[in-house]
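The next part holds the structures, each set out as structure tokens.
After this come two complexes, each holding subunit A, first together with subunit B and then together with subunit C.
Take a look at the complex of A and B:
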């Protein structure tokens, strides 16, 4: 292993040197600040972000402090919406459910694309076919795919229970039980989203210099040691970003419970976004919906900041 | 005013370009011209109904030269309602399910149309129970019925026959429903009964079933509405449902469905009985290509009390409509939805057109007007009926003696949402205790009702 590390070090140093030659340090690029040309170039982007991103975010914060029927002028209610929100017992159920979904999605949904990417990248033949197969679910419109899963999960007439019956293992309640509903949602979500993540990992894997693997092979490193000492260190940056994106994405899970369970059974799959939807569109309480949205945004922003700070050192070394 | 100037300028420009200036001045609207938008235009996939609607728009505009109608095919969609209302894109007249008006009225998101309604023909002969869902707690009118049906029990006549049951003698009590479900499952392997459970339909149907046991979802205490579903009758309903699921095992294992999902399965012949309005016959035939002969419907079975809940739709007017627009809107609602319910000539014309276009005619509905107005109209409709009237006989006979109980007056959707959970619990968890589930629902609903009445 010592030899392997020695081989790695000069390569990385050379790599850094090459990068420096082509990309001058950032401070040199921005030392003159923004000129008028820069501002004009940025203007379309600022407008798009401003109109479709920042302004609605600002409006949500304002709305969270108001009571409105969208017809009469809104009334300022201070932090009333937040007080009612915390008094709603469903909020705590929802937070538990969302946290449970995040944990399950990280336990199962995070490693699966990594393993799939490693598997596909190791294939000497048919790699292209597998890449297409893995990406295929992403091409199916999400609602169509979920309606298919709904049929798969049907306890009376569904595909899964028919298969389980044949092998003598059925029937499973799938979405019909508080214990299995959330794992069933994670399964459907992982299937639907793994394809895009696999492609990103495959791109990252392609950037690992092949001479490192050759050197490791010459040193007699097993496939697991090559994976641990060559592949994963190179994937580290991508893995960290994907993990963060997945945490943010899973906190915002909506379509799966909306289509498959509508939050049931017994509110066991009501997620934060589904609760926001119910406040806004079933109860017409836009203030409460905005209050919960603002809270979610604050939690996610804090989580992201803490995560990036904690992992910054690790991801760059 | 601005719109008029724009039109005048546009006409002028068009006139300069096209030598037909005379035509332009001929179509110049009168001073009191008003344009309204109306929803509910059937989609292009229902070509015949769509054409009928457009023909009616043309006829209305002929009768009312000062009113111009722009029809859209938008349907009630909770997800987009708020954005369209805030953005000023909501139609002047839009159609909502009967469960929506109480919330819309409370949030003042629909216009008060009392004065315009009182000026309509036969306004003093409205059937109170038909008008009730669109009437606010202040006694003012905010919506007019477009279709109303008493909730009943739909059943698959062919499955009944296969199971050795008489399709002309459907269950009259919930105990008979339980027995029939058991027989159906034993003889055919098809779930004998299906209970909607999601999207608040579980709570809605549980409320209706509670009414048939003499209970209520809410009651008034010291001038305020409080939960009443934990008083006994709802418990009987849940206990029976639990027994059907876990003791009889006669209602299948799929219990996360809303009303639309259940109807789909019903039309596919995968359900023996379910709670629904007779109007589902329309979707059964036109949407799901169901067999007319298999559709049977009877009145909501009794649990000791002969009662039911209304379902259907109402026409409401945008709160942003001005006085002239509001008047035009109510005129249109009268022309399109009410006139065929009080005017025999209009009824005949509509029934004939519907029958010619294979749109169901003759489904028994809740009359909007008192007997002296409505009886001649019903007679006309019966002459052009194209539905298997025999299949609706048990229903018409049953609902004639039922009390129509309105929806819970305060925060009905919240009550239904909490009861959804109770229904799901007893149908998906063997050890669920119905009494505990109702207590939990009560704890959830009580503060919501309290807050809604501050």
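Take a look at the complex of A and C:
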């Protein structure tokens, strides 16, 4: 038996060597088999991605260089759309709003899931209940959740101001004032998305090797020092990735301001996508909308490329 | 080593220390309360609001239970606001999106992973490239595309196809499906080919029966994702008769009786909750799969 194996192994190795030197017969067989049947299996992907994926991406670039209003035939206008775009003061308001959103999301949207996950991972009991409760908001359809938040935020009849009243704090204008509208928006967004982030952090926390904690403990490290020197360094990769994903998500925020504020008060919550929507579907200026879309796509593609590099680098954590 | 119970920052010795034990207990109680209020509270409030009189909701939003539950509200919402109709529209859109996504992902990944055409690498690269450019950035162009299709011409706006077909262009589905197929033993395909199995038999009788777990994950992602859709259905389907519930609700909220709108919100929330509790295990695994997709 062993003799047979020994005799077979070298031949097989030699065989594969010659195969890879030429065309490996099995792959050629598959390729030859890739006839009509193969083409049919590839057809749904080619059609769907072709018409609804690749074509619109290319069209965005074409549209951004044209003037289109669906009535007159489109006319080439060069980079005029971009010029008008940069001249629109609303663009700069929008970019400021987006930056402000990112900062606010960093301040309270980012730490909350981290702290929740750290705590839940230390629980011996009830961990499952916590997980389900934290994840519940993710299941509520965004429109339903936002209509509910809008209801809660109502300055006169809303739940939040009634609660503030009970604990003796003055009423807040919430969505009605330029100062509080964006923080209110971020609060609602954080509530809606924290659940899935917590679960991702929990998975990352579970992968921290116990031996490291034990070694740190033997060396006399306190609970806080273990947290600081063992746990956090292990989370570093995931934290950075989630941060990047949060920024990528922030650039695409639409439903929240659309339902809650419609960009107001005084354009203080207009986001990039809301501006694209206004250009295209309120003003009927598809060229401007496409120009902004193309710029957004470039930024997002860059961020995604960075994200990909990071996930490759930290795929072990 | 792996038989040892997993531990976190706290060791067994830490847990015996009274300060640690008590702070954990107190913090657990406080946090459980907070998470219960934040997580389950709003859903329960919607459930309560759906059977409360509108006036009571305005005057006493903190009330735990309506003075007189108005169960007929749900029926009124179903009939007067025609939530039933919109829900049916949602189900049709979600069902079709699910089917198209699954069809594109399974057949496409099968062709790219098992059949491996010569130009397959380029197609796969082009599919993955769309991961870098989120669909939201080609929204405007996609709208013009469905108004006037590239090859055939004609418009599919205001038909379910306008939601179904673009839903299929999900590179992530193709990615995880292909990775799954790549991990299946190739000897099986070769053996089947030697036995004279054609492309279809290979697909239906060899690959698909082994792909239960990945089909489940992609299905859950597709259904849960499609149920949440708002922006694209709003743009693609302007005919109010055909709008899904998510698009109809904000419009109804502006004019209709508030407690009936809340009843509609409750009805829109129940299906994803049911799906979650039935497939909880798969969904948690799905998050592992999507992992850092967000």
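Methods note: the second predicted complex is superposed on the first by the 241 of 317 C-alpha atoms of A that agree within 3 Å, B and C clash if a C-alpha of one lies under 4 Å from a C-alpha of the other, contacts with A are read in each partner's own complex, and residues count from 1 in each chain.
Going forward, contacts are C-beta pairs under 8 Å (C-beta built on N, C-alpha and C of every residue); 3 or more make two chains touch, one makes a residue touch a chain.
A quick note: this is a predicted structure, and the numbers were derived from the prediction, not measured.
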First, second, both or neither for A:168, with subunit B first and subunit C second: neither
Which of subunit B and subunit C A:280 touches, first, second, both or neither: both
Which of subunit B and subunit C A:41 touches, first, second, both or neither: second
Partner chain in contact with A:241 - subunit B first, subunit C second, else both or neither: second
First (subunit B), second (subunit C), both or neither touched by A:57: second
Superposed model, subunit A: greater residue contact from subunit B or subunit C: C
Touched partner set for A:220, first subunit B, second subunit C, both or neither: neither
Which superposed partner A:157 touches (first subunit B, second subunit C, both, neither): both
Partner chain(s) touched by A:78 [first = subunit B, second = subunit C, both, neither]: neither
On subunit A, the residue positions that both subunit B and subunit C contact, one per complex: 70, 157, 277, 280-281, 286
In the complex with subunit B, residue positions of subunit A that touch it: 69-72, 84, 87, 89-90, 154-157, 171, 173, 175-178, 260-267, 277-278, 280-284, 286
Sites on subunit A touched by subunit C in the complex: 26-27, 29-31, 33-35, 37-38, 40-46, 48-49, 51-57, 59-60, 63, 68, 70, 116, 118-119, 121-124, 126, 129-130, 132-137, 139-145, 147-148, 151-152, 157-159, 162-163, 166, 191, 195-196, 199-200, 203, 205-206, 208, 210, 213-214, 217, 223, 226-227, 230-231, 238, 241-242, 245, 248-249, 252, 254-255, 258-259, 273, 276-277, 280-281, 286, 289-290, 293-294, 296-297, 300-301, 304-305, 308, 311
Residues of subunit C that touch subunit A when the two form their complex: 4, 6-11, 13-15, 20, 24, 27-28, 31-32, 35-36, 38-40, 42-43, 45-46, 57-59, 61-62, 100, 103-104, 107-108, 110-112, 114-118, 123, 126-127, 130-134, 136-145, 147, 149-151, 165-166, 168-169, 171, 174, 189-190, 193, 198-200, 203, 224, 227-228, 230-231, 235, 246-247, 249-250, 253, 258, 261, 265, 268-269, 272-273, 276, 280, 284, 287-288, 291-292, 294
Touching residues (chain side subunit B, partner subunit A) in the complex: 78-79, 81-82, 85-86, 103-104, 107-109, 191, 197-200, 252-256, 258, 270, 319-320, 411, 413-414, 417, 420-421, 424-425, 427-429, 443-444, 447, 451
